[in-house]
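Some structures to go through are shown next.
What follows is a pair of complexes built around subunit A, which joins subunit B in one and subunit C in the other.
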Partner chain A sequence: MPIFSIYITSKSGSLLYQKDFKVLNNPITKQNSNDYLVIASTLHGVHAISAKLTPAASAKNYLSSKLPTNSNKTGLRMITTSQFKIYMNQTVTGLEIILFTSPDMGQTKISGIYDKIYQLYCDYVLKNPFYQLEMPIRCKLFDDKLLSVVTTTNV
Partner chain B sequence: MSKQIKQLGDDIWKTKVEKVNSELFTLTYGSIVSQLCKDLNFNYEAVNNQLFKMGYNIGIRLIDEFLQKTQLSRCTNFRETAEIVSKIGFKIFLNITPIITNWSADSKTFSLILNDNPLADFVELPDDGKALKELWYSNILCGVLKGALEMVQLDCEVVFLNDVLRGDESTEIRVKLIQILKDEVPAGDE
Partner chain C sequence: MAIYSFWVYDRHCNCIYQREYSPLTASTSTSASATTTSQTGSTPRLSQSNSALNNSSVQRFQQSGADNSDTTISNNTSLGSSSVNNKIQELLNNGSINAINDNNVSKLLFGTLFSLRKISISLTSAPASETTDDEVFSSHTSLNKFNELKSFQTLNYKVHFYETLTGLKFLVVTDPTIRDLQLELRNIYENHYLNYVVRNQLCQVEFKEHEVISNDKFIQSVDAFWSGLPEFIS
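On to the complex of A and B.
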């Protein structure tokens, strides 16, 4: 169940971080950096639209579906194609973590991965005193740790 | 509900939080404040502001760590927020649980009474005639609260009312909800 790519966007939808991982038989081709921005902001937009379509009250009934983090109640969570899946999750502060994975990736497993990535973001991005909020993430430590999390999953 | 919150705070404190020597922590904070006082020529008003700003910058980052560790979602009302700030927030970061009291009638303002303030363990304010009246030694806490609450769209005013360091009977932080920043609630999380 490999992870192909990760995107992290801020609450305003700007792309903070993007990385493609080296995976055997990766169905997703490399894009240029402008396309990454387009993909991220489009997904952010669709997420926001889907949230607007569902009034808050209906979200409450639907809440029985189990997600460990209670955020992202009404927004877009997943897109499936025959080749890959896109999982989205949003934290209470509005940070969105978007993962492109193989189609056999399950909801439970992805929740665990989200939690780990969020933890890495807190530790190695937010606690880096020289990182400025809402700016692109260029932290070597974050890169390394993220890679090791993904490598463990992709094995 | 209140018990569950307390339990959650205790569990996280025991299992998920890195601990640091409390004296190192207290002395580090002390040296920051005293250096600020020197740098700003003992203009305590300016020191208060500077501490608040530093706290604010900590708060807007710390909130994500808090949410990641607690896995909590948005509070349903401000009373719940108060409980969580005291029993989980203060608990996991400072290992204290301030008492929540003095609710205003509209449930928008409350006080946190800190019986034990780890920032001020060995502190006596300088005897220069104005520090006792002007300096809020632990003002960084107000900034942290302000920053953290603002990131979850609660625009609050956070100020010290009393401090035992000044000779008051208790250490009291007043938190007032000004507004909920509706426009900034992230889509998909209402």
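On to the complex of A and C.
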């Protein structure tokens, strides 16, 4: 159940961090740096629109779900395609973590990975005195720790 | 109620059939930005009953409701108990047909789907600068070449998607817990759309703007198909 790539977008939809991981049989091809920006902001927009499409009868469905629901109650969560899945999670502050995984990745496993990544973001990005909010993330420690989290799940 | 609505879009991006078993919200809320609304659980909702009642196709359907529900019952012998049948009947009669094809909800749904479909295709193919327009066109028409979108979901609902090679798009909005319904959508295309729309000499194949499928046979057989699924009432 490998993770192919990770995008982190800010609350306004700009791409803060993007990384493709080296995985065997990765269906995701390398794109232009511009395409990454387009994809990230499209996903951000679609995330908000999908909340508006909620059928009235299903509006309270999230109450019965077993997943952690302190954030992202109404927005887009998962996109399934034939070659990969996209998992999106939004924290209460608006930061979005988007993971591209293989189609066999489950929801419960992904929520554990989110927690770890968010923890890393707090520890190594937000606590970095040289990091400015809403700007692209260039922190070597975050890079390294993120890679080790992803490698442990990919193996 | 696990199946909320069913939509068919043609290759010109027009909604040619829309069947609602339970209303989608027409959210006209102007409040707050995208990020904040997606976090607050409650968004203002507007009932669609007024707009639905004005539509002639709905009224016509309600008049012919009696015959329609008979066919439904006969196809649902497996469900047995009459209370379940009554509930199905009620849902079928209360829903709307082709009432909101040009509504904002319909367009938002299509837009969401279109963007996600584009992302799933472009991420698995070479960057745009390396392919010419001709190649992009031919790759869309060639078989099984690109990564197809299957579904997307939030905690509240799930949208299943099936696209034919001719560009027809079938969508069904359901509960998020439901299994993959792509095969069912394909079944509707093969057994219902082909039989009652394509092979019907009185029904056009190419739809102009604001033209919809108002073919009673198609409507009845699709209703019977969805209400026959065990997932229809959960």
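Everything that follows uses one rule, which is that the second predicted complex is superposed on the first by the 147 of 155 C-alpha atoms of A that agree within 3 Å, B and C clash if a C-alpha of one lies under 4 Å from a C-alpha of the other, contacts with A are read in each partner's own complex, and residues count from 1 in each chain.
Just so it is clear, contacts are C-beta pairs under 8 Å (C-beta built on N, C-alpha and C of every residue); 3 or more make two chains touch, one makes a residue touch a chain.
Source: prediction; values computed, not measured.
By the touch criterion stated above, A:Leu147 is placed in contact with neither subunit B nor subunit C. Once chain A of one complex is fitted onto chain A of the other, the partner contacts of A:Thr80 are limited to subunit C, with no touch recorded for subunit B.
Legend: residue contacts after superposition of the two complexes on their common chain; A:Lys30 is shown touching subunit C, with no touch to subunit B. Once the two complexes are laid over each other on the shared chain, residue contacts for A:Asp115 go to subunit B alone; subunit C is not touched. In the superposed model, A:Leu53 makes contact with subunit C only, not with subunit B.
In the overlay built on the shared chain, the residue A:Lys11 is in contact with subunit B and with subunit C.
Of the two partner chains placed around the shared chain by superposition, subunit C is the only one that A:Ile39 touches, whereas subunit B remains out of contact. Using the contact criterion defined above for the overlaid structures, shared-chain residue A:Met135 touches neither subunit B nor subunit C, since it reaches no partner. Contacts of A:Leu126 after superposition on the shared chain: subunit B is touched, whereas subunit C is not. Under the contact criterion defined above, the residues of subunit A that touch both subunit B in one complex and subunit C in the other are 11, 47-48, 50-52, 56, 59, 69, 71-76, 90, 92, 94. Subunit B contributes residues 60-65, 67-68, 71-74, 151-152, 184, 186-190 to its touches with subunit A in the complex. Here subunit A touches subunit C in the complex through residues 11-12, 27-32, 35, 39, 42-62, 65, 67, 69, 71-84, 86, 90, 92, 94, 100, going by the rule given at the top.
Within the complex formed with subunit B, the subunit A residues making contact are 11, 47-48, 50-52, 56, 59, 68-76, 90-95, 115, 118-119, 121-123, 126-127, 133. On the side of subunit C, the complex with subunit A involves touching residues 1, 4-5, 22-25, 27, 29, 34-39, 41-43, 45, 105, 108-109, 111-112, 115-116, 118-120, 122-129, 147-157, 173, 175-176, 180.
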